[in-house]
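The structure is given below, and queries will be raised subsequently.
Residue numbering begins at 1 within each chain, and the chains themselves are lettered A, B, C, D, E and F in the order written.
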Amino acid sequence: METIRRRRIEVLVDAPLARRVVDHALAVGIAGYTLMPTLEGQGGSGHWTDDQLSGAQSKLMFLSVTNAAKADAFVDRISPLLDSYGLVLLLSDVDVVRANKF
Amino acid sequence: MNGVETLLSPVILFFLLGAVAAFVRSDLSIPEAIAKGMSLYLMAAIGLKGGKQVAEAGFSIEILVAAGVGLLLSLMLPLPAFALLRRLGGLNRTDAAACAAHYGSVSVVTFVTGVEVLTAAGMPPAGYMVAVLALMETPGIVVGLLLARQAGGSAVAGAQGSRLLHETFFNGSVMLLVGSFVIGLVAPKDALAQTLPFFDGLFRGVLCLFLLDMGLIAARRFRDARAMTWRVAGLALLLPIMNGLIGVTLATLAGLEPGSAAALGILAGSASYIAAPAVVRMALPEADPGLYLGMSLAVTFPFNIIFGISLFSLYAVWIAP
Amino acid sequence: MNGVETLLSPVILFFLLGAVAAFVRSDLSIPEAIAKGMSLYLMAAIGLKGGKQVAEAGFSIEILVAAGVGLLLSLMLPLPAFALLRRLGGLNRTDAAACAAHYGSVSVVTFVTGVEVLTAAGMPPAGYMVAVLALMETPGIVVGLLLARQAGGSAVAGAQGSRLLHETFFNGSVMLLVGSFVIGLVAPKDALAQTLPFFDGLFRGVLCLFLLDMGLIAARRFRDARAMTWRVAGLALLLPIMNGLIGVTLATLAGLEPGSAAALGILAGSASYIAAPAVVRMALPEADPGLYLGMSLAVTFPFNIIFGISLFSLYAVWIAP
Amino acid sequence: MNGVETLLSPVILFFLLGAVAAFVRSDLSIPEAIAKGMSLYLMAAIGLKGGKQVAEAGFSIEILVAAGVGLLLSLMLPLPAFALLRRLGGLNRTDAAACAAHYGSVSVVTFVTGVEVLTAAGMPPAGYMVAVLALMETPGIVVGLLLARQAGGSAVAGAQGSRLLHETFFNGSVMLLVGSFVIGLVAPKDALAQTLPFFDGLFRGVLCLFLLDMGLIAARRFRDARAMTWRVAGLALLLPIMNGLIGVTLATLAGLEPGSAAALGILAGSASYIAAPAVVRMALPEADPGLYLGMSLAVTFPFNIIFGISLFSLYAVWIAP
Amino acid sequence: METIRRRRIEVLVDAPLARRVVDHALAVGIAGYTLMPTLEGQGGSGHWTDDQLSGAQSKLMFLSVTNAAKADAFVDRISPLLDSYGLVLLLSDVDVVRANKF
Amino acid sequence: METIRRRRIEVLVDAPLARRVVDHALAVGIAGYTLMPTLEGQGGSGHWTDDQLSGAQSKLMFLSVTNAAKADAFVDRISPLLDSYGLVLLLSDVDVVRANKF
């Protein structure tokens, strides 16, 4: 099968803010995404563990695969928020079949 | 009211057990899903119970008075809190507003524990206090967000503002409390009775396990609380005392009997850690969650469970006319 | 039977509360693990209870009659459903067969809610109806899959076919229902009695919280249901009515008393959303889950809870000889 | 003691149902969070109950005797187990030590099931046996780790050693058992009584569902147990019998009445699968978890539930003076 | 430590169909895999959230690392199913130590 | 936005041993990490499924993004443990903004 190169975007985001990240993705025309759970972590602003009581401390991993142009547009949109929202943004290459889907 | 007896009630002892386990770094932990499930159960149970009691006692002017005092408290209390957090706490405006929102709102579990303690002491608060609790969850949060907006906080404006109001008023815990209160109010008595083995019989036992978890969570958060200065921690003790005493005083002046006045003090003195944090994280992403969760969960909540409830109850008895 | 009183029972009100919360887009939600846990509890509890009642009442020819009618219904009902879904619904053969499988199977929670309503109305169905419920879970699914195979659906053939039969008959909910039914049948009475505070006392309360979650799930699925046309939604109302009335009629003709006849109608009119979807997703991956889950969960389930149960009960009383 | 009646008790039947479901490869499964929640509930409940019974009966020299025997057993039993696992089992030193640690520790659920069976048979063990259970959880694990260290096992040394001791003694299940025992001991009787509908009323029902899950887990692990040879599986039957009989004998010699002696035998014969595996995985990462979990969970646990408990009880009655 | 390049395969799959994806992987000689949970997502066929009641709507992330040949064999086997099963297949490069394991 | 290339480290580790992996990461100066849940898997030492009762059989995915030097240091530290701990270690390239954070 022929595969085509696309960009894989991952954003670690607080659960209450996940909807915003999704909205930004949809706004630049990204067609699909998947949210994955996380359990615990540590970074510049300290340590956290999953908290489903209020959800305030839970973090989700937003995953989306898209073409380079849309990925760039998304990064431009989301970059100003990285610090205030406490996001972690990762970009990498990925090969997919069915290029038109992504 | 007997302080030692309160401290020896299983509910409080399980809370202490959780705190001890966290401090000795035991790996004891309760699955998140179970904790969430228990908190939903507790809210549905007190909602139903409150509604049932109001249905039995009938509506009265007293209910409106209590609701009015509750509303007033939750609209006003964020203001001095904000000022103190700015001046004494040295917080920036956004952080101060975020914390003030938590103190303007209420803690359901503190209320529930308080009701247990008051009932055991022979001064049960009126059933309608559950409705007052539901009423007091959101206005304080809104006032906090307005303080941040005035302070130039980025988030609350226009379309986003209305979305936030929506999130605040249709918050899951508010919906569940109000919904089960209404169900308790309108459902036929005998049909309700058949749900009592679940919603009433298990209540204290579930509360024990839930407070075990809250002890673990509060103590672990206390350990992770790097952002908190001593001054802020001090305010997390001062604010509940101040707000609680104001609450009891106003309620007594308004004519509520001591049990309900104490309950209103407990509500005023409590800080939200379920409804408020999620809304504030959304509305004020620049505010530091370590601060507001640290204050409300790691300091104010344990203080209220162990001392505040007894303090407000004693004071309510003392100033009762 | 009193329609208003049924609607005001806490079980139904919690369902409505969940639906309302979902429609106003509240973030109220029950952890998946808790929902699954409650559904396992409900199945174990009704299984035990049914087995115990049969052990007390003894076997009778009536049980075989009810089982025969149930089996017949679940083998036959997918056929007209398939035809209607093809003609009126305009679905392709695979989708029509997938949906027909759901209507051939049964919904445990609809049954349980129906039993509550019937018992409250003074016409409790016989204990063996739980065995009939278990019996009716799988045959309809198999018929649905055979319809798809005949239709040239890709999946059901040879080795895979036997694997699927396995999945269908050893489906978790079937195992649990049958297993606890047998336990209720054979376990000593006094030992069983000691489990009753859990399996019997809590039943209605747990059902309340579970239906709260089902209200949330059904209403959210309704909102996400883009695949559903009006014609398909109409069929999701027509099929339960049709199947339920057929079920009550056959059961009455076979000589069951009104309570059990109503219960059989509720089973016939209900559509599976626990056992069937998992098997169908496996067997007919090309079928659109949005369609069959949308129909059974977002339309038929709420319809049955709010109207269907009362309708079939009234009809059963009406045609009783 | 009546073997058939024991086998027909719902608790055991649910365990068998789980095992059957796993063997026919049903997809029946209980969410992990629910299983963990139930195990926490069971530990808190037996802790509270034991503490309450000791508070009622008062301290006695018998408690010290039972504690002494329990401690002795858990310090000694790993030694012959280690030797047998090396010689007969053909395990390397690390694996043998890891398994010995599990047999030195105890299984809370086996104990709880045993108490149910003994109580039903009219010979309930004394309340302080819960304290003995808590006492016996850790020493055997420490002895096992020391055997591994002596054997040159890499992990247990210096700073890491003290960290491991910490993990062992502040293990979640130990904390919860001891903590709730103390709460049951000190909390006022009437306050405790209000938690009983939850902690006492639901106990057997929850145990049924929990054992359903344990049946699933044990049987699935049995299927996945590729590492286990026949000789090792044989030892997983021999060790509980041997340890259990030794336990009953010592307890009887020390003067305990048959119910408590049987309970001590059940403890001695049981193998840990909650506290020990986590600690051993940390302390002896080279040891094969397939071996120690396979032995304790897939062979010894089911054996004890179905046969061991009855065997030790009968033996305790038989040798009673 | 020396690292060797391998292929990382990720497949987002409905829970009831996960066993099939695993069987296809084992059939081409892939030696190991890990399944990870997901919470929510959106794509061409609409929006879903995790559903443990029936499991029909839950999705799992299948993750496997293997050599290029086996990865190709797997992709060839699974590609015809992508549309009917509603799978999302991602391929990327990854470095591992202990090359013989993968 | 400008992005910078970093190394993405993933380690699949038994829950009781996760703390050790984190400690090794912190010891080489890695500043942040995230733990993610897993459900099931199979490898050379057989099949497992998530087990929260004892936690002994649960596995977590440790995820960390860092620069090449620290990644190498981490791999050197952790490699001797791969077999005895039963770890799976994956390394890949990833692009990030805010280079100084990683």
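Methods note: a contact is a pair of C-beta atoms (placed from the backbone, for glycine too) under 8 Å apart; a residue touches a chain by one contact, two chains touch by 3 or more.
Keep in mind that what you see is a predicted model, and the values were worked out from it rather than measured.
Shared contact partners of chain C and chain D, listed by label: B. Within the contact network of the assembly, the step distance from chain A to chain C comes to 2.
Identification of common neighbours of chain B and chain F yields A, D. At the interface between chain A and chain E, under half of the residue numbers involved are used by both copies, so each side presents largely different positions.
Rounded to whole angstrom, the centroid-to-centroid distance between chain C and chain E, based on C-alpha atoms, equals 34 Å.
With centres taken as mean Cα positions, chain F sits 19 Å from chain A. If each chain is reduced to the centroid of its CA atoms, chain B and chain C end up 40 Å from each other.
Along chain E, residues 36-37, 52, 55, 92-93 each make contact with two or more other chains. Contact of a single residue of chain C with at least two other chains is seen at positions 27, 31-34, 36-37, 197, 201-202, 278. Across the assembly, chains come into contact as A-B, A-E, A-F, B-C, B-D, C-D, C-E, D-F, E-F.
Residues 32-33, 35-36, 39, 154, 217, 220, 224, 226-227, 273-282, 285-286, 288-290, 293 of chain B touch chain A in their complex.
Put simply, chain A touches chain B in their complex at residues 14-17, 20, 45-57, 81, 84-86. Residues of chain E that touch chain A in their complex: 12, 36-44, 59, 61, 75-76, 79, 82-83, 88-93.
By the touch criterion given at the top, residues 31-34, 36-37, 40-41, 44, 48, 166-167, 170-173, 175-176, 179-180, 182-183, 186-188, 191-192, 194-199, 201-202, 278 of chain B touch chain C in their complex.
Put simply, chain D touches chain C in their complex at residues 5, 8-10, 13-14, 17, 20-21, 24-34, 37, 120, 197, 201-202, 204-206, 208-209, 212.
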